[in-house]
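The following pair of complexes shares a single chain, subunit A, combined with subunit B in the former and subunit C in the latter.
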Partner chain A sequence: MKNKSVLINIAVLLAALLVPVVIKAPYHLHIIILIIIWSIIGTAWNLLGGYAGQVSFGHAAFFGLGAYSAGLLKFHFDISPWWGVLLGPIIATLVSLPIGLICFRLRGPYFALAMLSLGEIFRLLFTNLSNFTNGARGVMIMPDITSKMFYYYISLFILVLTLFTTYRIVNSKVGYYLVSIREDQDAATSLGIPTTLYKNLALLPSAFFTGMAGAFYMNYVAFIDPNIVFNLSNVSVMVILVVMLGGVATTWGPTVGAAIYIFLGELFRATLGSANVLVFGVLVCLIILFLPNGIVGEMNTLKRLVRRKKGLPGGERNEFLRG
Partner chain B sequence: MSFFVARKLVKRFGGLTAVSDLSFFLEKGEILGVIGPNGSGKTTVFNLISRFFPLTSGEIFFKGTRIDQLPAHKICELGIGRTFQVVKPLKRMSVIDNVMAGAFLRTNSIGRARQKAEEITDFCALGQYKNVEAKSLPIALRKRLEIARSLATEPELLLLDETCAGLNPRESEGAIALIRRIRDAGITIIIVEHIMKVMMGISDRILAINFGSQIALGKPQEVAGHPEVIKAYLGDAHA
Partner chain C sequence: MELFGQTVICGILLGGMYALIAIGMTLIMGVMKIINLAHGALVMVGMYVTYFCFQEFGIDPYFGMFLSMPVLFFIGCLIQKYMINRLVEVESILPENQVLLTVGIMLVLTEAARLIFKSDYRSVATGYSSSTVFLGGMSISVPMVIGFFIAMVFTFLLHLFLTKTDLGKSIRATSQDRDAATYLGVNASRITMITFGIGSALAATGGSLLLPLFYLWPDIGHLFTAKSFIITILGGMGSTMGAIIGGLILGMAESLGATYISMGYKDMVGLVIFLLVLLFLPGGFRSLAKR
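For the complex of A and B:
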């Protein structure tokens, strides 16, 4: 059982390594790289929002900090923006630390709201501190490398690192504790779980990998401005949709969600003209309504139904959105 | 000093005094029953001991250490486990995962946590449900899961809040048998229960409270015959 899933993962990785050999068109590779970037952000968000149940409406803050770390290294110091891939995650993590320490002590939606405002605060700060950030004009770099294949492998490496790290965290004591906290914080406390500490243990890697995705994005796209990377709807909310689509609190959910989201988004933009956003929005709503556990989540449920376990009298029925 | 000592506990919620000047102690291995009408402050006492609520005033000692300033998770780590009157299962986790969540307090290894959880689910007669999601358990099994999960943290003192409430007589008997087994395993217990017969049979001593204050404390027979207790339960006319 365990060996089988290891084999499947290795097969998926090998297939992923061969992608640029098969797919050569730069546009297609570009779409795939975007999918990978969103898979990284989604996987990072999922650790905190999916497993630990601490929904963040402000992951753009970490994404943007990562992106600007890379961009400003070049802009101010003429240091290779690739160093940002190391610096960005560290800065994002450092910023997440006080947020977690303050918000996780409080019950209720404080964290979600604090994150929402954090993303907006950084957007405004980076727009207005134009001496340091070049303001709304943004930061542009001249990439040394233009081969899409190169960016593909770098992003794939970051995704594998993110997936592997979250997988290890989730399948450990920490993972059990995070899910316990999500399911019932009082029960978790009564079992001796220091809930504030463990929420922070989910937040830090979540911010870290989101920052790394941001720094890679800067290197790849070569231009950012505050409204792109600190964007509420196009980053913070989009990552939530990506994860919900694929499956909250599942290993592959964010990756599957990103693939479908980006692919359909591009498809509709190419075919539907100005109605694309509307159709896309309706479709996302429908999927979330009819597959409330996301695509990977529903597949897991299906598998469980096949290996059917008898329900017990007096228990609750499955909590589907529809009656 | 006794194994567990509560000294002059007071808890106020705004103008309401839920617990007022309550003192009691336990020796190791003892079962102390706490009785009292609805709203008399029993659950609040548990919330004070487990530090889910801070005390307004008073002191609590466990094995000679003062514990009323510690955070709730530390109380559990020191060896005081609790269950909830309104059960709080980790719904979307299986029974065995629920118990493992408790077992991780004393180990970092998944294998060892699982092994201990297996033993405890068997001990609590939950073995056959271990792969069932907690949300699909009926109330009797949910109550037992509360106990199992708490036992996995290896408590020396266990606070049981209305383990038999909502159970039919047969299920109650099962629960009482389980509580006896827990006591035989050497765990000290404070138990809250409404069914007098249960309390009389299982407690070494009983503490009766009303409006958050002690009205009687002693052997079950003494407390059951105490005029204040009869008055609290049956009204003035019977006292």
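For the complex of A and C:
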């Protein structure tokens, strides 16, 4: 069983490596790169929001910090923004430390609201500190490399790194601790799990990879302003919807979710004209009403149903992880 | 000193109108225990209904709101009955998907408004829109004063409704303990629906009162969602009195921030206060009064 899933993962990776050989059109590659960026953020969010159950409405803060670290390196010091891909996640992680200390004092909806307001505070801060961040005019850079293929492989590398790290964390002792916190925080505490510490341990990698995605976004898109990267509905809420659609607390859920989301978004934009966001919103409502655990999440339930009928064992570990 | 006085009065007047919107949210939150991120969008829809009445039939915004209230009451009931209520029965890992549903509703309402009215900034030009009264050296805008008094009248009526009538008492009982209320013969799901409707109607009222003061565009909802959250947390969840106090505090903090710090940081002042209250005074200001 285990060998089989490893083989499948390797096959998926090989297929992903071959994508730019097959798909040459820059527009199609652009869509795929966007999908990968959202998969990275989604996977990072899923670690905190899906496994640990701490639904954050403020991941735009980390995304924007990553993006701005890369952009401001170029803007102020004329250092290549690619260094931002290393610096951005570090800054995002450092900022996430005090955020975690503050917000993990709160639970459930209160935590969500605190993160929401923190994300907004960062947006307003970066809009108003115009000497340092160039304010609402944003930061623009001239990219040295224009080949989409190059960006594709870089983003794919980051995604693989994120998926691998998340997978390792989730399937370690820490992962089980996180799930226990999601299921019942008081019970987890009474069993001797230092809940605040482990929530912070989930937040740090989450912020790290979100920051990395932000820094890559800056390098790829080459223009940011506070209303793009710190946006509440287009970043913070979007990432939650991506994960919800794909499957909360599943390894591949965010990637599947991002693929469907971006693809449908582009499709609607191309075919429906000005009604595209409206249809999108209707779709969001329908998904949450009828697929509450996302596509990958519901797939497991379906498989389990089939297995139960046939009386075959299997899937216990997954079941336990997902509660 | 006059500048200070004007700032404070202006903040109090605005805060009274914000409070009305926030009371709508706090009612919904109290009964349903969910975060309703679509509340601002409901305010926006209410404002557009009033705007439409003004534009097409020349109905004054202060009368138009009596049309937008029933419309929004109806919309709120529909949303609660056919969308949010259904989600209570669905089982999922994260209870927060109710919040996401309200995000979806917000998207639909905002985009529907954008489709019908376009993204243009609109405003209601009435005879009194820009008129002011002078109090000593302070100039105070007339629509603000009218809006504030109407908001206070509505708050008082709502208070009477919640404390004196059977329906109001049922709403309060449901928000205190849903199961116990059901045992005592309260039809909790009907009450929830009505509460959502009343909350939406209050949002529409607050929005209509603010219409002569604000520009109107489809994304204005976000602004009101944020404000009503801050107020709800400041005042303590489910408390009408708390929402009024929270509204006044937020209004004053915003206008003081705008006058003495900078216009750009105006919204940040509210958010910072919000975080501080959330951390150090989780029950809101109501918990101070109880001590």
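Methods note: the second predicted complex is superposed on the first by the 303 of 323 C-alpha atoms of A that agree within 3 Å, B and C clash if a C-alpha of one lies under 4 Å from a C-alpha of the other, contacts with A are read in each partner's own complex, and residues count from 1 in each chain.
FYI, a contact is a pair of C-beta atoms (placed from the backbone, for glycine too) under 8 Å apart; a residue touches a chain by one contact, two chains touch by 3 or more.
Remember, predicted model here, so these are calculated numbers, not experimental data.
After overlaying the two complexes on the shared chain, residue contacts for A:173 are found with subunit B alone; subunit C is out of touch.
Contacts of A:50 after superposition on the shared chain: subunit C is touched, whereas subunit B is not. In the superposed model, A:114 makes contact with subunit C only, not with subunit B.
In the superposition on chain A, no contact is made by A:272 with either subunit B or subunit C. Of the two partner chains placed around the shared chain by superposition, subunit B is the only one that A:184 touches, whereas subunit C remains out of contact. In the superposition on chain A, A:241 makes contact with subunit C only, while subunit B stays out of contact range. After overlaying the two complexes on the shared chain, residue contacts for A:192 are found with subunit B alone; subunit C is out of touch. After superposition on the shared chain, subunit A has more residues touched by C, the comparison being subunit B against subunit C.
Within subunit A, not a single residue is touched by subunit B in the first complex and by subunit C in the second.
Those residues of subunit C whose C-beta lies close enough to touch subunit A in the complex are 34-35, 83, 86-87, 90-97, 99-101, 103-108, 110-112, 114-115, 222, 226, 229-230, 233, 262, 264-265, 267-268, 271-272, 274-275, 278-279, 282. The touching residues of subunit A, counted against subunit C in their complex, run 49-50, 53, 55, 102, 105-106, 108-110, 112-114, 116-118, 120-121, 124-125, 127-128, 182, 232-233, 237, 240-241, 244, 248-249, 274-275, 277-278, 280-282, 284-285, 288-289, 292-293, 297, 322-323.
Residues 50, 52, 71-74, 76-77, 81-82, 84, 88-93, 97, 100-102, 104-105, 108, 110, 113, 129, 131-132, 135-141, 149-150, 152-153 of subunit B are the ones that touch subunit A when the two sit in their complex. Remark: subunit A residues 171-173, 176-177, 179-180, 183-184, 186-195, 309, 311-316, 319 touch subunit B in the complex.
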